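Some structures to go through are shown next.
In the two assemblies presented below, chain A is common to both, partnered first by chain B and then by chain C.
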Partner chain A sequence: MRRFLPAVLAVALATGAHAQGVTDTEIKIGGSTALTGPGALVGIAHDLGEKIATAEINAAGGINGRKVVRVFEDDGYVPARTVTSVRKLLDVDKVLAITASSGTASTLAALPMMEEQGVPALQTAAPNTVMFSPMHKTLFVVGRAYGPGTTDFVKFLAARKPGAKFLAIVQDDDYGDDVQSGYEKAIGDLKLTTVGVLRYKRGQKDFAAEVLKAKQLGATVIVSGGIIAENVTIAKEARRVGLEAEIAMLWSGRLPQTIDLMGEAGNGIIAADYVGDFDEGPGKALFEKARAYLTPEELTKLNRYSLTGYVGARLLFDAIGRCGREVTRACVVAKLETTSNLDMAGLTSPISFTPDSRISDLKLRYTILDWSKKAWVPIN
Partner chain B sequence: MQFLADLIVSGLAAGAIYGLFGMAYAAIYKATGVVNFAQGEVAMLIVYLTASVFTRIPLPFWSALLIAPLIGIATGLVLDRLVIRPMVGRPAFAIVMVTIGLAVMIRALIVLAWGSEPREFPARAGEAVLKFGGVGLYPVQLLAFAVLAVAIAAAWALLRFSRMGLAMRATAIDERTATLMGIDVRRVAAIAWAASAGVSALAGVLFASTTYVGPDLFQAGLKAFPATIVGGLDSVIGSAIGGLILGVVENLTGGYGDTALKEIAGFVAIVAVLMIRPTGLFGARDVERL
Partner chain C sequence: MPASLIRHRHPAQRRAVPLLPFAVLAAIGLPYAANAYALGFATTILITAIGVVGFNVLTGWTGLVSLGYAGFFAVGAYTQGVLATRFGWPLLATLPAAAIVAAAVSVLVGAPSLRLRGLYLAITTLAFSAIISHVILLAKPLTGGSRGLSVARPSVLGVPLRSDAAIFWLCAAGLVLAVWLAGNIRRSYLGRAFFAVRDAETAAGVLGVNVIRAKLLAFALSSAITGFAGALFALHQRYLNVENFELLLSIEAVSILIVGGIGSVAGVIAGTVFMVLLPEMARLAVNAIGGPLAEMAGGQEIRGVMYGLVIILFLRFAPGGLIDFWTRGRAWLRRWPRTG
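The block that comes next holds the complex of A and B.
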């Protein structure tokens, strides 16, 4: 048998054998996010972002002449379903790379399978420290890690409001741990005044006690480590109890729906994000382009997670493109880790990775919510 | 002192909604001896139905407090006819399992029918903050107090003075004997489900107006379950009071203790109360003749 092996390989090469998910005419990629359930606000938006990027590259002739085909699975933001979805994508659909695997727990659950097969994988929705520290060879995280992101944000807030008394309200999970560590680092670095860190149970709906405590402690800047609903409730409670503190929140809740839900109570809230908006600058240009690829109903579902999905897909396409015609998983991983200052047309700061780092650490931008315009306005 | 007053009033505001949910649990238990674990989901379904009406027909918020209970009563009757009535005569455990299945079905149905995006309730109760001795409340929170007071009065009158109230109590004690005494237990169950859904409709609409309409709204019902255990599972009015107690206990725990303990405070209260009074603060004691 051994003596026939070179011949078999030669025949295979001559007839165009390719890496999994790659043929002469197409490249198949896959992703798994919540397209139903409470996480769908994120998952659908992400899916649409990738859809725009894919349509755009295919309209330009594909990657080195190969069309990109996407397979997307709904995992409902349930880790066990993500594992099943990713297994299907790898074993049945036979995709080359995985562009999404829902949140932190879902990605970590599917990671051993992806690592075992050397699958290039992206995470653009949840830049949690556990995703890249310790480093996983094939998993690339696009964004700004929650911890360092919070540190930057608190330093920005401190410069904006000298002498402020800070307080953080954080969730009792790994996301909250990241936010808290970043918060405490900024407090320590700049020797800022903190009046406390309040932790709350995930899924909590009533924040009266937390906000009243913040008022009692004299906080003048509250770093709200909520996701979506938590930030809404904290803002409403602050208005009710007459807490005249500046409320600051991270990107996870910076969605159009949040503005509506907060109502007037959201006016003046400051947010940090590593992507812009669809109603200004490069985001607006992308929105106009998206009209050609999405239905009117789909256009209404775009949010910041569409931008992160779009950016992630563009990053992957760039890496595949740099592999030329010989696309393999190993090559894509190698190209991803040598990505340097990849320009994203202003949607984010340029993206870079190194062989020793799997977080792109994008630059943050800061916005303030203008209720009268119902928009996030950039802070210069 | 102001801090304490703020915590208590905020706790009562949250507790008023817990209390309404608690009354809804107790209404079904009192009449049928069954705990409806789909209470939060039923409320969520009614809120979505009500929100759909208000999206199509712009009406003032106060009308939601009339329309939602009507939708609730209709929903309760339909659920009783389709899901509960076929189970009459079966062990209570089997019916409880059916309610758990119903909960899962409603959650899935809501996402299928309305999607998963959180949205604001289409009618607003007003965003002005009303001040009472330095304590601020939104109009919807004041309404919650008023609605709870009316619901307590109505429940008291129904149970104290009406034949239906007596029939509900008799059915809860012994369904078979009640049937032999000429009580139409199916009708009693149907009325209990309708009344329960009507009350939980009010709780759901008030809760959604302070937060949002979303597919996780059912958790508010689940959260209120300790209220009915503390107050007494077979005491409709006791469950309402249990809700107020739960809201205040949670807020005082969060205000003076660790905020992370706030969410478990209700369950600590359950353990403490049940150790002293196994039937809850206002629940009837079981007395058996030996």
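The block that comes next holds the complex of A and C.
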């Protein structure tokens, strides 16, 4: 066999021995998100963000002359289906990297498979602590971790409203744990006044009890740790019972669709996010560019998750590009972990990773919902 | 197989004997011929079939309508996950333990449900599934709570079960065991007691069947097999999260029974193959048709519509399920020269 090895290597080099998902002309990437069901609001938007980034890079000649091809699977936000989808992407579609998997549970479900094969993977929608601590070699998380993000947010709210009485309403899961720990850290750091932390069951629909409790305790700032529907319900319930407290929420619920759902009750809600909006600044410029790549119907489905999807795809393309013509999974992982201050044209703060860290802690920006404009307006 | 031996077997077994070598060859050869994706599908089919074979004992044979399938499946899965990962138990201990724990839990649910039938029992078992979900979330030190639990793949007699092929063969052996067990129960006194309770509970009691014992045993046997399937699911998936065991899983089990043919073990297997492959077939069909159909939400919603449509069509036009097609087709072929 040793006699034939040089010949085999020579043939392999001559014919272009590439990593899985890479040919002379193409680089194939894949993702699995919820394109149907309640999670589709997030999944479709993410898919469209990646679609813009892919169309943009292909229009510019691809990555080192190779066109990017995307394959997207629907997992309906069900972890078991994510495993099947990712298995298909890796073994049938033969993708190089995985750019998305619905949420925390879905990503963790597919992680053993991705780690075994050394697949570079991104998570841009759910920057949960469990994703990056302990560190997983091939999984890169873009965003602001929920815990530190909540700490920053509460400190911002405290500076804005001195002497406020804080209260947090959090979900009884890992997301809620992160939010609660971040909340308690801020309270402890600044010695703020807290009137309590109320935990609710995941899937809860009625928040009358929690809001009445907040009113009874005299809360003047409520940190609403729901996801989408929960934040809407808490805001509407607070207005219904005449609770004058300021309501603050993290990025997961900061969607154009929630403005309509909350109606006037949402006026004045403060939100924190690590990406901007499509109706102002760099987001607006991207929206104009997206007109060339998306249908009018698709444009209406864009939201913050399109921006996270776009940013994630740009990050991956940058790492692949730095591998030159010899693209391998190991190279992409190595380039991702040495990403330093990658400029995202103002859509997010610059992205960095290190060999010891898999979370790119992005800077938060704060917005307030202006019902008359039906828009999230930046707070200086 | 000598004719003398075949003569002593049940007719269904006799019909299956010539197919056995092909099934064994297919089971051995598939991991070498199929890619990991196809093998993953095949493993999912095997696990689902084992679970629904168990579910069939309770709902198909004993007539006790249950929506607790997801709960018993979860109990088996988490028993496997917790014992293997947290306590390092070997596979030969965790698999029986998963079946035993699921059976024990089912007796706890079954006992207060003995006087309930139909929708009332269905809702009780549904409530049980909800309780199991909450217990999993509360038992965070063991189950990982909402973060889930990574499941270690253990060794069998010193041989590590790391590859997907090894899990596939384990599941294939599990299905053979489940079908053999179900077939023997069906032909035993106990199996006949189950059918008697289903068809005429009062008459069964008058004829000497201990109805309470029969119902409890139906719960226990059904859950043991379903729990065993859950344990295999844990090994296959390698990660457990409470979101994997939602109501949809129980609905899927009921759908497989209906599509396959309620009460038939062969129907369960046919129904499982059909229902597990249907979304994939729908995807391929939508992609083949292409055009606006595939463009519409990436064809995903169309897949869901096709899935639902097939179930409705079965309920309306073929309530006997796939097994009924097979039986009628075979009868028609037997008469064929005469009937034209």
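By our rule, the second predicted complex is superposed on the first by the 377 of 380 C-alpha atoms of A that agree within 3 Å, B and C clash if a C-alpha of one lies under 4 Å from a C-alpha of the other, contacts with A are read in each partner's own complex, and residues count from 1 in each chain.
Convention: a contact is a pair of C-beta atoms (placed from the backbone, for glycine too) under 8 Å apart; a residue touches a chain by one contact, two chains touch by 3 or more.
None of these values were measured; they are calculated from a predicted model.
Q: Identify the partner contact of A:Asp173: answer first if only chain B is touched, second if only chain C is, both if each is, neither if none is.
A: The answer is second: A:Asp173 touches chain C but not chain B.
Q: Considering only touches as defined above, state whether A:Arg160 meets chain B (first), chain C (second), both or neither.
A: Neither partner.
Q: Taking the superposition on A as described, I'd like to know which of chain B and chain C A:Gln257 touches: first, second, both or neither.
A: Only chain B is touched by A:Gln257; chain C is not.
Q: Thinking of the overlay built on chain A, is A:Thr233 touched by chain B (first), by chain C (second), by both, or by neither?
A: Touch partner of A:Thr233: chain B, not chain C.
Q: If you stack the two complexes on chain A, which partner ends up touching A:Thr36: first (chain B), second (chain C), both, or neither?
A: both
Q: Output check: A:Lys88 vs chain B and chain C. Expected answer is one of first, second, both, neither. What do you get?
A: Only chain C; A:Lys88 stays clear of chain B.
Q: Is A:Thr104 contacted by the first partner chain B, the second partner chain C, both or neither?
A: second
Q: Tell me the contact category for A:Lys213 with respect to chain B and chain C: first, second, both or neither.
A: After superposition on chain A, A:Lys213 lies in contact with chain B alone.
Q: Mind telling me which of the two, chain B or chain C, contacts the most residues of chain A?
A: B
Q: First (chain B), second (chain C), both or neither: which does A:Lys185 touch?
A: neither
Q: For chain A, which residues lie in the overlap of the chain B contacts and the chain C contacts?
A: 36, 172
Q: List the residues on chain C that touch chain A in their complex, please.
A: For this pair, the touching residues of chain C are 35-37, 40-41, 44, 137, 145-148, 150, 237-239, 241, 243-244, 248, 297-298, 300-301, 303-304.
Q: Quick one: in the complex, what on chain B touches chain A?
A: These residues of chain B touch chain A: 3, 6-7, 10-11, 13-14, 111-112, 115-120, 124, 127, 129, 136-138, 210-212, 214-216, 219-220, 223, 250-251, 253-255, 258-260, 262-264.
Q: Which bits of chain A are touching chain B when the two form their complex?
A: Contact set of chain A toward chain B: 34, 36-41, 169, 172, 198-201, 203-206, 208-210, 212-213, 216, 228-229, 232-233, 236, 239-242, 257, 260-261, 263-265.
Q: In their shared complex, at which residues does chain A touch chain C?
A: Counting only chain A, the residues touching chain C are 35-36, 44, 47, 72, 74, 77-80, 83-84, 87-88, 90-92, 104-105, 108-109, 111-113, 130, 172-175, 202.
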